[in-house]
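So the structure is just underneath, and the comments pick up after that.
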Amino acid sequence: MEQPTYVLLIDCPDQKGLVYDITGVLYKNGLNIIGNQEFVEREHNRFFMRTTFAGAVDEARILEGLRGVLPAGAGIRLARKSKKRIVLLVTKEQHCLGELLVRHQFDELNAEILAVIGNHDTLARFTHQFGVNFHLVAHEGKSRERHEADMLEVIHRYDPEYIVLAKYMRILSPEFVARFPNRIINIHHSFLPAFVGASPYRQAYERGVKIIGATAHFVNNDLDEGPIIVQNVIPVDHTYAVSDMIQSGRDVEKISLARALKLVFEDKVFVSGNKTIVFD
Amino acid sequence: MEQPTYVLLIDCPDQKGLVYDITGVLYKNGLNIIGNQEFVEREHNRFFMRTTFAGAVDEARILEGLRGVLPAGAGIRLARKSKKRIVLLVTKEQHCLGELLVRHQFDELNAEILAVIGNHDTLARFTHQFGVNFHLVAHEGKSRERHEADMLEVIHRYDPEYIVLAKYMRILSPEFVARFPNRIINIHHSFLPAFVGASPYRQAYERGVKIIGATAHFVNNDLDEGPIIVQNVIPVDHTYAVSDMIQSGRDVEKISLARALKLVFEDKVFVSGNKTIVFD
Amino acid sequence: MEQPTYVLLIDCPDQKGLVYDITGVLYKNGLNIIGNQEFVEREHNRFFMRTTFAGAVDEARILEGLRGVLPAGAGIRLARKSKKRIVLLVTKEQHCLGELLVRHQFDELNAEILAVIGNHDTLARFTHQFGVNFHLVAHEGKSRERHEADMLEVIHRYDPEYIVLAKYMRILSPEFVARFPNRIINIHHSFLPAFVGASPYRQAYERGVKIIGATAHFVNNDLDEGPIIVQNVIPVDHTYAVSDMIQSGRDVEKISLARALKLVFEDKVFVSGNKTIVFD
Amino acid sequence: MEQPTYVLLIDCPDQKGLVYDITGVLYKNGLNIIGNQEFVEREHNRFFMRTTFAGAVDEARILEGLRGVLPAGAGIRLARKSKKRIVLLVTKEQHCLGELLVRHQFDELNAEILAVIGNHDTLARFTHQFGVNFHLVAHEGKSRERHEADMLEVIHRYDPEYIVLAKYMRILSPEFVARFPNRIINIHHSFLPAFVGASPYRQAYERGVKIIGATAHFVNNDLDEGPIIVQNVIPVDHTYAVSDMIQSGRDVEKISLARALKLVFEDKVFVSGNKTIVFD
């Protein structure tokens, strides 16, 4: 019988002997390390480590052993490798949702999509085609507080580990975001240079940009400003009308979001301040 | 004996029959079209055409014929294919200069580097290694007007077709720039998102960007805001220190600048408003 | 009322005045050229032109006019812009099929998927989710001639313009292929270096390749040897197990196939000998 | 005073507790681990580890400690971080040589170029511009054995750690190669599909490839078949003449070679069988 695989994530202030001490705990518990990656961020002298191992695991005993050798305030996550439980938030655009639903159906997402919540019903039928629950939580005629409370009611029913904004086009309140620290993932287009204000694709067109990008990131406060997980770009040129640029933007968004989710759901991403450590 | 090749660039308001009328002028002059590209920018209904042809060319007669069929105010450039005469402006960084000097020495640049002007003498010896003139035009203790007047004195000695800012780190005055419309080319780093203020690489590092880009563009007024010719990116990750990001930025800058120059020097780039049409 | 848009594709031996003569026919018919691209392949001195125009079109009169000015044996295709009618052939892998069905449902494919034919029923339910016809044409216990005849019977029912091999894993006979010249499009993985024989991903893994590619091409005779339409690559490294390489191969295959179909269905691709001219 | 930094590379059969045992040796020697990467190749159950550390290092004592905990036959390399001493072999093409000489002059190569050896004198003057020794070792009128013996005589004078084939266009004998196991690095163009025989660019042109690649690799026996270090590609299209494809090939070759050398010279590359483990 194959033994279950575990992922151990540790982050703490760096000090001498950490790798030795940590691997010692695993070794003395008879566990076999499959892979191990460390990184020390020199700016803040912080140590990050991701270890996968297999064996007959006594979780409590390992955690106790680790706490005995790690400095106070160390972050320790120990979890059996398993699919993440997620809920998607959408508005009207289908490109990211479609990418995730197809991957989900063929088990390529390392996650279980528990439900899709939309503030419009545009994507209800499409979601149902894949046998996935769709909940309409309309925002019209509601205060933001009321709308978010209604969404939370649905979300709590599913108790997801992560919330994915698959082109959800409304701003979430700081209070909502604060409930899910490092657990909300968003995707948005990115340009060189950046364009503020309305109609960014129109602005990008007028400026003649040659590249359109996408950024997948955690949402921690400001909507488009959380720790970046993945960035990709796609080339465009003067023959692209605004609508062609929008289509290219969609293509790079869906690929970047899928890539970011894969990394997060395999527990390969640490958040450190406003940046990520990705053990790719 | 091989016949000389000519490049004809036309831009004007679009109207019916333009291609027919233009190619008619060439046909009636007994010329053989080698390549032909047109593009109509629908936003402003403007027509762009690049034609290469060979034959015994009577330039005056062709221009007269073209003026007879084109609307008033049409832009017409007719030139025998030849190397462009250029002057480079530099400060202390060598990566772009080195790329251009090596390509120049082995005749891959489609340009003759007449001289390099530096506001420091850091790169004098390096430039001389390649047998190219270097002029120190120091800015210290001078007003911007005085410094630019001194540079102009050197530039005019060479009468270049294009001025290339190969990491020239000073701002040029609007008066200086206005003397060379669509004839100054600059390269600068670009980030997603954009960072304003000092130490952009430091900011990019703190923000954990996953991509560093470079933009080559014409300088028409605001230093970093002219029509974009080429944009490229290069991936980075959390293991990159600030110094590694700077090195990656240099690599993508030199490649992007060389690519942009190749396009411009082969007469493949139109400027239209604040964007470019690139017949790649 | 908006006028219909037409695409005109011409290829013939190059001669002086072709652009002038062709645009003259359109001009004299009162048509307005929207875009125009020409290319002369110097190796075989062959002229290619793609023109889009709008207006009140008398197709027979235009064709007659064109035949009057073009050399004998010229290829002329004139068609109103419209969605292509296509049939997909699949086996068991869903990644390309999923990409095409989602794009189709949201009208991003410039094609109507008339039906999907599988030699296994693995993808029947998935196809039906999208409201698209699925036909099982099993090959087991049949000669290749019998199996292809059965497929042809289904295909002819739909009369498609193009047949897309969306990971159809059987070799088609030369007789089958000859019925659809330049009308069958295939996708397959590509490696540097190439690997022949069984288990190419296993071989690529053993050889430590750093890149996995995909090639979308027309099928004209030898399965993997027709004119190339699109090639893309995706980076891999030593941490990729064989299964990770296969997943990366799938990602690059589906993107490359979708890109190739977009180009072909917008009539931007000429076949010339064993290569393509792509007016991108 | 800053302490010197060391790199430790270990590869051996995997067994329980390796990381614990190895880091224990360093810890007990009072050393501070800066970075640490491990990888276990599951196919052959082989363990690879790269550690950088700083401190007052007693090399003999550390090696003795490591040998005490590692299985027999373990590969152990311990070296102070320093520039690698290298010799370049060239023929007539300058693009790779130029890239390396410029980087070398500005200290971006992490190597000292001791000398350039050419079998033609084409690049002698160019090399001397950079103040680097050039040796002509002509092959004409000599047997391969004689020519290689003459080259070895020059090489041994410099005692280099690595030999870089910067477009050296002659085949090296197995005897020559065997003298420098995993110490000769080559660059060559790569195509999808691969083309054997003469004029590969001509064949690639005829086949209409859309991508040209480059592969940097160790030379261990067969010239183009050693462990791959880096692969990159660059897009081309139907407008590229054979000469344009060659230029694109040069661009991607020089970038790929420089990248591979950076990785090797920073001791980030293991060779395992016929593949590499790159701790990027």
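Annotations
For clarity, chains are labelled A, B, C and D in written order, and residue numbers in each chain start from 1.
Note that in this section a contact is a pair of C-beta atoms (placed from the backbone, for glycine too) under 8 Å apart; a residue touches a chain by one contact, two chains touch by 3 or more.
Note that the structure is a prediction, hence the values are computed from the model and not measured.
Listed here as common contacts of chain A and chain B: C, D.
At the interface between chain B and chain C, two copies of one sequence, more than half of the residue numbers in use appear on both sides, so the contact is built from largely the same positions.
Farthest chain from chain A, judged by C-alpha centroids: B. Note on interfaces C-D and B-D: more C-beta pairs are in contact across C-D. Chain B and chain D have CA centres that are 36 Å apart.
Our note on geometry: chain C versus chain D, Cα centroid distance of 41 Å, whole angstroms. For chain D, residues touching at least two other chains, in rising order: 39, 280. Because contacts link each chain to all the remaining chains, their graph is best described as complete. Those residues of chain C whose C-beta lies close enough to touch chain B in the complex are 16-20, 23-24, 26-27, 32-40.
Residues of chain B that touch chain A in their complex: 39, 41-43, 190-194, 205-211, 213, 215, 224, 227-233, 237-239, 241, 273-278, 280. Contact residues of chain C toward chain A in the complex are 94-95, 98-99, 102, 105-106, 108, 126, 129-130, 239, 247, 251, 255, 280.
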